[in-house]
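So that you can tell them apart, the chains are marked A, B, C and D in the order they are listed, and the count of residues begins at 1 in each.
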Amino acid sequence: MVPLTLAEHGTLAKARLPAVIWDFFEGGAGAEWTARANLDAWQRHVLRPRVLVDVSAPDSGTELLGARLAAPLGVAPMAYHRLAHPDAECATAEAAADTGTLLVASIFASRTLEQIAAAAPGAPRWLQLYWLRDREALAALVRRAEQADYRALVLTVDAPKVGRRLRDLRNAFALPPGLTAANLDPALTSAAGRAAPGRSGIEEHSRQQFDTRITWADLAWLRARTTLPLVLKGVLTAEDARLAVEHGVDALVVSNHGGRQLDGAPPALAALPEVVDAVPAALPVLVDGGLRHGADLAKALALGARAALVGRPVLWGLAHGGAEGARAVLDLLREELLDTMVLAGRPTLADLDRTALGPWPPH
Amino acid sequence: MVPLTLAEHGTLAKARLPAVIWDFFEGGAGAEWTARANLDAWQRHVLRPRVLVDVSAPDSGTELLGARLAAPLGVAPMAYHRLAHPDAECATAEAAADTGTLLVASIFASRTLEQIAAAAPGAPRWLQLYWLRDREALAALVRRAEQADYRALVLTVDAPKVGRRLRDLRNAFALPPGLTAANLDPALTSAAGRAAPGRSGIEEHSRQQFDTRITWADLAWLRARTTLPLVLKGVLTAEDARLAVEHGVDALVVSNHGGRQLDGAPPALAALPEVVDAVPAALPVLVDGGLRHGADLAKALALGARAALVGRPVLWGLAHGGAEGARAVLDLLREELLDTMVLAGRPTLADLDRTALGPWPPH
Amino acid sequence: MVPLTLAEHGTLAKARLPAVIWDFFEGGAGAEWTARANLDAWQRHVLRPRVLVDVSAPDSGTELLGARLAAPLGVAPMAYHRLAHPDAECATAEAAADTGTLLVASIFASRTLEQIAAAAPGAPRWLQLYWLRDREALAALVRRAEQADYRALVLTVDAPKVGRRLRDLRNAFALPPGLTAANLDPALTSAAGRAAPGRSGIEEHSRQQFDTRITWADLAWLRARTTLPLVLKGVLTAEDARLAVEHGVDALVVSNHGGRQLDGAPPALAALPEVVDAVPAALPVLVDGGLRHGADLAKALALGARAALVGRPVLWGLAHGGAEGARAVLDLLREELLDTMVLAGRPTLADLDRTALGPWPPH
Amino acid sequence: MVPLTLAEHGTLAKARLPAVIWDFFEGGAGAEWTARANLDAWQRHVLRPRVLVDVSAPDSGTELLGARLAAPLGVAPMAYHRLAHPDAECATAEAAADTGTLLVASIFASRTLEQIAAAAPGAPRWLQLYWLRDREALAALVRRAEQADYRALVLTVDAPKVGRRLRDLRNAFALPPGLTAANLDPALTSAAGRAAPGRSGIEEHSRQQFDTRITWADLAWLRARTTLPLVLKGVLTAEDARLAVEHGVDALVVSNHGGRQLDGAPPALAALPEVVDAVPAALPVLVDGGLRHGADLAKALALGARAALVGRPVLWGLAHGGAEGARAVLDLLREELLDTMVLAGRPTLADLDRTALGPWPPH
């Protein structure tokens, strides 16, 4: 089967992966209401096509925090790509670079920051961080990121601990032997490698290592250690968006962590407008969660997102086809976006404004 | 199977219980529209998480009518726990005490008030009453409740008679031989022990014993016989909430009796805001009906409830595991509530205000 | 099986009746959207129960155009009860009389007006009419109705022809040999007794005999021939309700003919408020279509109906149990209504006003 | 089976056609959201029937751009009727003429314009065009259309390229050998006759031949070459409707191309009101997409459409019964429309105004 949709990449991946790993990738927190709502939220908007517009040269290219991208698209930070494929983050980095996509590497990457950078020299990449209790480890990562030409730091703020993901609890999910977070002292992540029945190694590990006390005031500590732009990921309210602006944050990612943290949180797309409306137009707002088609990306842009991140589908491509599979996923998304821009008579990203959408069902 | 959700406790209980008893616990009135709506109503609200808040010490503790609770949670009054487990209400009382949960004992308990009190000395407990035609029996119960250190009386006002529960009518449900209401003269409840085809012993009994004539004016009779706070359970309208305030009631439980009385009544959560808005802020308003997750409890609090009661899930735990099963259910609810508070960046109960919720679907 | 719900009466009837006759009773026009919507419309309202009201003597009795009824309930006019049971309309009349229910006999009854009257002397009954092209036949019916003590004429105005009922077309439905409209010249209805493939005898007959030219002005002709009150059945709009008032009509039945005429028409319950609001409070407005529970009747009354008619369920009772079956259906409806009034704390019909309902889903 | 509904014609066609051709007819773009929404959109309106209106002579006849039609109905332009039946467009033309229906022939007809005209001399017909890169070919078609008495040109503006139709990609759909666009140089459409795995010949062909640069300004070129009225098909917004008026367009077809172009576009019926409201009352606005019943047509007219086009169902009739099958489909639609007009008490097209509809669900 040649996969014609992102969903079909998922089907191929599911056939290839051990069920426990599929569940780790696919699962959300609790009853997975938010994970499902992420997928459904796009259907609350219809696309209003314009006609008799010159669409001979649709242009999806954009710039984001100084980096040139072929489309307003990035790979969301996800832990341990090695679970999907032996080539791990290096393959993902290659796929991202080949397709002009931003790569956001996870603090829990299974390859070193330097290996990932070497796999795609010159390509735009950011580093995602959880705020660890061990501030020295955090500071060391920031230094290495700067040296390896990562262009921004993405601080995930929706995870004072890992959410209660029932699939992982049922599977007593733990990292397989030999798989570690390549950028951290193994001692720091050893808890992720074992789990008692009804527990998740990943969740236990987060309880030990994540700092649950940090507040807005702590951002200054991080700022003092780097000149890199600071992106907050996991903001879902206008209140926090305004606080982020006050604290000098450089960009936001509206996200519910793919439905993996607070079950019952709104789909990211539904929270996007209140965040966009709360910040200055110049501040880039990104969104992730449930993006499965280029038309979804068009809708996110029309609601004010500067770009979107895509997560699970990249792992699907990676799982069944390595770098080539991940590339196919990213190519397909961009192809679908261009197709949408052509058929909607909106050949530039600027044309994808709020007039491009109507409510569904209609008021 | 280690039950990871309240629903899984239900699965274990269903496998253990005779179908006729499962049906008695599970069934609602009529087409069970209200019973189902109770379960669905929570999904009409999303949780709006805040970020970069110190969540290292989430605190679910509260005080309710003078009693200290580990969480704003009580066991709803339910008849005849003996149907679920031989240890009956004594086991439930133990589980409630161990977990810092309020116990609301039913007038139709299968253990005496004194036995229940002895099972958990010092723990907070209330006594629920139906208004029996036999006022002497009622007065006697009130005296015994005071002596056994029950801290409030909960008068159920949505049941001038037991609702038309089709499962019980189909099963010709009656109490098994030897099971009686331990706190009442056996003659008073004998009708509950037999049922003609197509009839319910419980419903017949209510027709004989419940007083259908009482009105607001009669509350004075009860007031004159006790110094205990008086809680009305079963209020679903602003009109009645205002009358309750006028008549000096001490607290309200917004409830449709788990969908077991008037089928077609609104889910309790949907009625909660109009009741909260109709009474002074100092008057505690509780809610019950369909609570199946700690996040549900967080939503009830955000809508203005001071606490919530949980019913069937406690019987599920009791049915498959006795006191330990009931304890697991109550522990899980509190653990889920704390998890929700942490992940929502709302570590105190005061943080769970109306800004914590958004409408779903969005307006 | 003792049927505990109207739906269970339907199950018994379906098991007993030939499929072609079941389909004739059950079927709606077109895709049966309106027939289904009739059933669903009740769930758009919740019942708001009041508490601490004396409900010891709920009273469902009412008067309608001078007739005393045990409940605000009538049997809707339906053709050919003989298709359901050999005792036909005489059994239905007996059941209605025994339960204090209004009987609306159909112009296409399979028993004579006089036989039906004799089966239940003294009981309240109305006669339903289609406006036949043969005005003499119509005038003769009016005279006989007066003599046989029918108390009102119900003119069905939603049927210039019978709707396109696909089940009947598929079944090539025609009246069985020997079954005729007992009150009309057999020549008038002979077309109903045969059908070509893909056609319905009933529909063909209506094309031949129904007068498609009558307008509001023609009501004067009928008025001139009788002193009986005139009821219009099939009004669904405020515009027509106002015209009815202008033309001196005595009562209205808001109805879409059980979904058997215009598929796509609104459920009758949804149209009820605009009709009630368009006429003087003194003018009785009835409703029919999809009533399947006493709580439905309570909702209709709360929206301003003076009474409701029930159709198919009466034929279900008749089909499986003759007069006794029909009586069980009508008894059950009244019992459910009283149960609803008791549990809703609204023991009189006057208590069932618009405060008794809330919208669902909530605004 | 005598088909009683358009859907049943579809069932017969599906049984007869090769799956690949059925898929080509039936398929929409992407996830087929818009294709399904087209079918569902009609249920967002109920029909408000009037009573006591003379409906003895319902009249569905109308005039459209000077042509007399038996009903406000046309056959939508569809490519290659030869895929459905050997008699191809000639049979369709015959069926349209016999039933007083407008025929809109496709630029990709499998019979010549002259053959189609000869099959139904004197009947009203329009010619649909895509704007080909080869302007000489386009100009030649316009000249032939005038000579063969086509009465209007319908320029499809929602297709700068053919949409991404997954069924065709999966089937590697290409025109069968020997089937060509009879009105174009075979070289122009040769790409449609072959497809690599995962590609569609039709889509490839559109990429080669359709002009993606045309804008409103280009309409003048077409205008200069013909005196025929110009109809734009594929307008879904008020903005474009206003531009069309400014550019002197003679009529509009509100359409999403049967859900085959931009998946996520609104159902045409939902877009109809904003287009109708944006143009002068005298400008004919047509609609197509998802029409499956005469009542749908009544709803379209009530929302302001002057006529509607029907597509797939005509091919269904053609596929299983040639000209006779197509005629049965068009007859049935008109019969259903008249039935709706009679039962709704709206016997003229003028009666089908916005008072004929109510929102569903009700506000």
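Keep in mind that, in the parts below, a residue touches a chain if its C-beta (ideal position, glycine included) is under 8 Å from a C-beta of that chain, and two chains touch if they have at least 3 such contacts.
On a predicted model such as this, the values are computed, not experimentally measured, just so you know.
Novice: Counting one step for each move to a touching chain, how far apart are subunit B and subunit D?
Specialist: 2
Novice: If you average the CA coordinates per chain, which chain's centre is most distant from that of subunit C?
Specialist: So the chain farthest away from subunit C turns out to be A.
Novice: Using CA atom averages as chain centres, what separation in Å is found between subunit B and subunit C?
Specialist: From the centre of subunit B to the centre of subunit C is 42 Å.
Novice: Which whole number of Å gives the spacing of the CA centres of subunit A and subunit C?
Specialist: Here the centre of subunit C sits 60 Å away from the centre of subunit A.
Novice: Can you name the residues of subunit A that touch subunit B in the complex?
Specialist: Within the complex, subunit A touches subunit B at residues 29-31, 33, 44, 157-161, 163-164, 166, 169-170, 197-198, 212-216, 218-219, 232, 234-237, 239-240, 243, 256, 261-266, 270.
Novice: What does subunit D use to touch subunit C in their complex?
Specialist: 2, 4-5, 43, 45-56, 293, 295, 299, 336, 339-340, 342-345, 355, 358, 360-362
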